[in-house]
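Heads up, the next two complexes both have subunit A, just with different partners, subunit B and then subunit C.
On to the complex of A and B.
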């Protein structure tokens, strides 16, 4: 259990150490950042399958801050640190060509990772808010990292909406603290069980749900995402879409609803409605986009709809689908953003109409993007197919065939919009395709190819994670959610 | 009119010259007594930073940057954060728990004296350094950076760099 604190302390320390020592030697920031994220990935792998409580400063649970490691946080830690390692690997050459100031980039990047690791580990409401703000504020700065007018505008929009969401969360936490005189999540859950719901805690719940839904960019709280995610550098887009909206949005929402307040039929149906609306609105808005990354960003909204639909069904099978789709989405969506980064690295544009015939010039990029497109559209045998299948089966099993129908429709529209990317960028030509420029394009450097290949293999292979179904890889995480507040209280407070 | 002097009028400059030391010392006092009286690392750090901000406002930024350079401020910013983490990690090394207060609380002069409360004054000093340096950095960056047209694109430019290009 002692290693868990390193997941927060190590990236924080390196975030401040790199700008101190990295000014003189050009290659040092790259090396240090990659070693750090690799170390974090190893630490996250070690914490897999373990459970425990870590008390900060030796203060026991309701008084001090505790870190809670269980199946759900271990799953999220694995996803966060896998994608962040691949993103730093991708950043080495990508940043060299397109951006300046690697020191600040790595510093902000590691702060964001520290914030996310902290947010999924903590068992304290106010600490959750602090880590969530660390991750969010680092991501505001990273979205505007290119410092061009559009990027700054997107960053400012993200900043304003994100801060409003944070204020909602802080107000909710303050109300809970005022009502129950405790900030420990398990202690709040136990107080809720003793006193029952009253209007204050209900209002706090509403504020928290709105705040976390905004962080997770579910429709109708999604307005910041289609601007913010395309404006960031590609590895950061991959982190934002692949990890950030899950770690500080979906995870926090699910932890709050399942383990503190307890899932109720009203909340469950709210989740399913949010899921269906996000699913359909995201994919319909994506269809008309010509900006490679903006199209992907709209799909993040749509895929988050699938995830939250799975959680809204509130059956073990639905939870399995939600968690599995959460893992799969982080794999294929970060792969797609890396692909868009590779294409931008070579062609210098994100406009699909200016691309064409990339399959002949960039075999690795186009091959991996084809695999990711098939994954996200739910074509067997790729991972997206299996997780969508589980969600659809869970909807049918829960006597909600209408939801299953919407999920299928969303999947078909996803296939349509990814055919568009494949057709214009890789296999055919856009309207403004320039054959002279095309001659000069070539495959990206090796360090950028490695993350593409790793993620492409994982997209193909992670369907195997479904082995043993409810008792397999996702078993611990599912049981954390199905056991509800009582088991969580017993685990953290020991009563 | 003569060439414009950077900064504000003579009155402001004189008063600043008299007061800057006292403001700085008050900031240090608030940091050091953070565990006994209202205030602490953050509040004291803000007061210390306000000394440098006052210097910038009344004498122009060259004078303030002469006292605390941008590079130095950035290094101090990182140093404060690392010091804070180091204290926390020392807790792990000595007592086995992150952020453990590993110094005896009433050591060496007893409770409610300047030297007491274990690691809390040390944490306050680390936070004070960090907050002072980073607030000064934020102010300088807001003062230095402008939006400019460069080859048809609007970009953020530091005005110092532009002066060199001319």
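On to the complex of A and C.
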């Protein structure tokens, strides 16, 4: 259990160490950042399948701050650190050509990783708020990293909406502290069981749910995402869409609802409605986009709808679908953002109408983007098909065929908008395609190809994670959620 | 009563952050919201005629618990003020850069992103 703290401490230390030592030698920041994220990935792999409590400073649970490692945290840690390792690998050449100041970039990047790792590990509400703010502030700065007018505008919009959400979360935490005089999540859960659910805790729950839904960009709260995610550098877009909205949005929401307040029919139906609205609104808005990354950003909203729909069904099969789709989405959406970054790296544009025939010039990029597109649109045997299938089966099993129908419709529309990307960028050509420019385009450098290939193979292979279904890879995470608050209290407080 | 006033302050901040068109006013609204929450946290630890929560060897425990204020909200508020400072400085920095690019603080004239 001791090295769980390293998942937070290592990136936090390296975030300040890299700018100090990296100024003189050009290659040092790249190497240090990649070694750090590789180390984090190894640490996250080690914590897979293990459980335990880490008490900070040796103070036991209700008094001190604890880190709780269980199946759900381990799954999220694996996703975060896998994608962040691939993103740093991708950044080496990408940043060299398109941006300046790698030192500040890596510093902010590692702060964001530290914040996310902390947020999925912590067992304390105020600590959750602090880690969430570390990750959010780093991401606000990274969205505006290019300092162009559009990027600053997106960053400011994201900052205002994000900090309103954070203030809501802080007020919710303060209300819970005022009501129950404790900040430990398990202790709050046990006090809730003891004292019952009153109006103060209802108000706190509403504030927290609104705050986390804004961080997760579910539909009534999504306005910042389509601006913020395309404006960031491509590896950061992959991090934001691939893991940030899950780690500090979906994870926090699910932990709060399943392990602290306990899932109720009202909350479950709220989740399913949010899911269906996000799913449909996201994909319908995506259809009309001509900016490669903006289209992908709208799809993030839509796919988050699938995930939250799975959690809203609240059956073990629904939870399996939600968790599996969470993993798959982080794989294929990061891959798609990396692809858009490769295309931008070569062609210098994100406008689909200016691209064309990339399949002849960039075989790796177009091959991997084809696999990711098939994956996100749910074509067998790619992973997106299996997770959507599980969610649809879970909806049918829970006697909600209407929801299953919406999920199928969303999937078909997703296929439509991804055939648009494939048609204009890779296989055909757009309206403003310029054959002279096309002559000069070539495949991206080797270091940028590696993350594309790794993720493409994972997209094809991770359908196997469904092996053994409920008892397989996702078993520990599902049982954390289905066992509800009582098991969580017993685990953290030992009573 | 005082909690209601505190919540009113929060709502004023929320109004400023969401309904105003000027970037500086939006920033002020967000700051007011944050301060309302900080004030609420401090009020949670308030105790009339309370004493500072510092224990020593000679402290009489029942008398201490009867009069000492709750130290946790103070620790929380310190953290939250520092986070607020971080956000505020980032916001002001972005606002200055935006002014350099657009020559205005009016958000209705910054509309390059839509759709």
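Heads up, the rule we're going with is that the second predicted complex is superposed on the first by the 495 of 495 C-alpha atoms of A that agree within 3 Å, B and C clash if a C-alpha of one lies under 4 Å from a C-alpha of the other, contacts with A are read in each partner's own complex, and residues count from 1 in each chain.
In this section, contacts are C-beta pairs under 8 Å (C-beta built on N, C-alpha and C of every residue); 3 or more make two chains touch, one makes a residue touch a chain.
No experiment lies behind these values; they were computed from the predicted model shown.
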Which of subunit B and subunit C A:200 touches, first, second, both or neither: neither
Subunit B versus subunit C as contact partner of A:183, first or second or both or neither: second
Which of subunit B and subunit C A:130 touches, first, second, both or neither: second
Touching partner for A:58 - first (subunit B), second (subunit C), both, neither: first
Partner chain(s) touched by A:287 [first = subunit B, second = subunit C, both, neither]: neither
Broader residue contact with subunit A after superposition on the shared chain, subunit B or subunit C: C
First (subunit B), second (subunit C), both or neither touched by A:147: both
First (subunit B), second (subunit C), both or neither touched by A:20: first
Touched partner set for A:12, first subunit B, second subunit C, both or neither: first
Doubly contacted residues of subunit A, that is, touched by subunit B and again by subunit C: 147-149, 152
Contacting residues of subunit B [partner subunit A, same complex]: 74-75, 77-79, 81-82, 85, 88-89, 91-92, 95-101, 147, 153-156
Subunit A residues touching subunit B - in the complex, by the definition given at the top: 2, 5, 9, 12-13, 15-17, 19-20, 54-58, 147-149, 152
Parts of subunit C lying in touch with subunit A, wherever the complex brings them together: 10, 14, 17-18, 23, 26, 30, 33-34, 37, 40-41, 44, 70, 72-73, 76, 79-80, 83, 86-87, 90-91, 94-95, 97-98, 101-102, 110, 112-113, 115
For the subunit A and subunit C complex, residues of the former touching the latter: 126, 130, 133, 137, 140-141, 144, 147-150, 152-157, 159-160, 163-164, 166-167, 170-171, 174, 177-178, 181, 183, 226-227, 231, 288-289, 294
